Amino acid sequence: MISDTAVVKSKKIGQGTTIREFVVVAETAIIGARCIIHPFVLIEGGVEIGDDVEIFSGVVLGKEPKGASAVARVPTCDKQVTIGNGCSIGPNAVIFQDVKIGTGCLIGDGASIRENCRIGDACLIGRYVTLNYNVSIGNRSKVMDLTHLTGNMTVGDDVFISIHVSTTNDNNLGKLGYDKARVLGPAIDNEAMIGAGASILPRVSIGRGAIVASGAVVTKDVADETLVAGVPARYVRLV
Amino acid sequence: MISDTAVVKSKKIGQGTTIREFVVVAETAIIGARCIIHPFVLIEGGVEIGDDVEIFSGVVLGKEPKGASAVARVPTCDKQVTIGNGCSIGPNAVIFQDVKIGTGCLIGDGASIRENCRIGDACLIGRYVTLNYNVSIGNRSKVMDLTHLTGNMTVGDDVFISIHVSTTNDNNLGKLGYDKARVLGPAIDNEAMIGAGASILPRVSIGRGAIVASGAVVTKDVADETLVAGVPARYVRLV
Amino acid sequence: MISDTAVVKSKKIGQGTTIREFVVVAETAIIGARCIIHPFVLIEGGVEIGDDVEIFSGVVLGKEPKGASAVARVPTCDKQVTIGNGCSIGPNAVIFQDVKIGTGCLIGDGASIRENCRIGDACLIGRYVTLNYNVSIGNRSKVMDLTHLTGNMTVGDDVFISIHVSTTNDNNLGKLGYDKARVLGPAIDNEAMIGAGASILPRVSIGRGAIVASGAVVTKDVADETLVAGVPARYVRLV
């Protein structure tokens, strides 16, 4: 069922899919079966959506990365966006070009995911979480509301990252311009847990099953199965 | 005055109400008198809006909570949303089903309020504040921009919660799944004040008129009329 | 090229400008040449957009400031909004009335900029950054995702403010109501750098080229070319 107020140029809309009022779908977009596309959604060219996906009001899929003169790094990317079966994309979320999202993910309201990101299956990306370019997330990981994942960082499987977590990739705070060899975010291994409001500095690795306490500022690598806390973060005990 | 580009199925629109371009209103929604509904607003079924309410562009009222496979807790709720007289709802705010908001509240741009929340009269909820499920807020309380209120927490009357405040409800960081008896957020009593960037841990109670300093990580209960500060927060003095 | 689903009342649209589906443009708005206005954008009266500007989906330009009964300060402002040549405004950003943005700025997704703000040339305002009323920012400064700039504060030229930075303007946390003589935010001088998750208290000045470490809570003035860190922030060394 496609609303007669929607502007749908694609012919590739699956069976049982509902497209509501004022939706815009480009000619080269593909939408699977039994999806629900709520009002005011914009689906640009090159976007491929699986089956049983629900996309809430105001979402933008396939936004072109934009380099104004204010930006250090010139974005380059493929136009393709893939959203796996059974995903739910919350109101006003923004997915840039060249993003792949696995099956069964929940993307929260206003989450903004930049180019070259890869998200596995059954992940939760909270409300207003911002992912910078080239973030890789494994399966079953959760990133809670208002957290920022910096460019060129990795998150493993079954990781929990709480709310308001800061991650950064450049100790020179942008002073030296963008250099892919120098600008590198944290690496967070499987089953690690990062507490609310923690800050993880560039190039820091967080070990498998490690725990970072709420409010900690992590300046050095954290070993597997280790709890750290404080500003700057210090070893507390094994977990 | 209803724009001829709007899709308004409800017959219950009060006198003197303006509905602007491309608004979508469901059949079972009710809108009071002298309201202004700006473009691209989506008002779903079961939403009841009082008199003299202004709803800015891109707002979603009555969003269904969505449990993807990534979510621990299965949402259950009533479809009803109530917005009291004289409220203002900022652009792109999202109000889920089963939310009641009192009179004269200001809801900021992009604020996202989940199911089972109750907000009293004359409250201010800042921009991009996210409320999880089942948050209760009294009257005349203010929650500033980019703060997160966790599920199953309470906020009294005349409370001030500054920007970037983190609240959490689960010391196991989601590891054990959702259990209503175990997962419990903070309780913030009347007239308490929480400084910018503070973090309040699960089950902590903040006493009447207490003050939490900016950047504090509060791991234990705070008595009435007491100032705490630091990581972790320690007693500083009475106020 | 103007989509026939758009509602464009203004006659002042420059050559080579594209206006996409379901855009709403008021009669007294002015749009320059070679702009792209994506779907679901709302451009209110008194907005003036330069040449080569791209405005992404869901943006609101010229939002009226709204004083519900919950707000301390009564907003007063001019209706005019100016967006300089070559700017890019990300999806769902909200620009209130009486804001001036220079040339070549990048405004991120959902950034919300209140009345009486002035932003210079070639600035970057990150995603979901919220600017309160009367913030002044110089040229070539960057404010990263999810940061809040408080009312009545100033930022110089070539400043870098990282993610999740808190700034505040009222030590009484709103208790005494709004008084322009008392409520004053920080002043951040040219070339200063503020680390992720730092918190800067009211009236604090940050000197030229000074550095505030990640997670620091700055309660006192910081001299030029000085590094501070910790909670509360203390002198570390000259830079």
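Miscellaneous remarks
Think of it as A, B and C in the order they're written, each chain with its own count starting at 1.
Quick note on the criterion: a contact is a pair of C-beta atoms (placed from the backbone, for glycine too) under 8 Å apart; a residue touches a chain by one contact, two chains touch by 3 or more.
Everything numeric here is computed off the predicted structure, so don't read it as measured data.
The rotation relating chain A to chain B, fitted on Cα atoms, amounts to 120°, rounded to the nearest 5.
Although chain A and chain C share one sequence, what matters here is the overlap of their interface residues, and that overlap falls short of half of the numbers used. Averaging Cα coordinates per chain places chain A and chain C 24 Å apart. Among the residues of chain A, those in touch with two or more other chains are 22, 40, 58, 92, 110, 128, 146, 164, 197, 215, 231. Across the complex, chain A is touched by residues 5, 20-22, 38-40, 54, 56-58, 86-88, 90-92, 104-106, 108-110, 122-124, 126-128, 140, 142, 144-146, 160, 162-164, 193, 195-197, 211, 213-215, 230-231 of chain C.
Every residue of chain C that touches chain B in the complex is listed here, in rising order: 7, 22, 24, 40, 42, 58, 60, 63, 66-71, 92, 94, 110, 112, 128, 130, 146, 148, 164, 166-168, 173-175, 197, 199, 201, 215, 217, 231.
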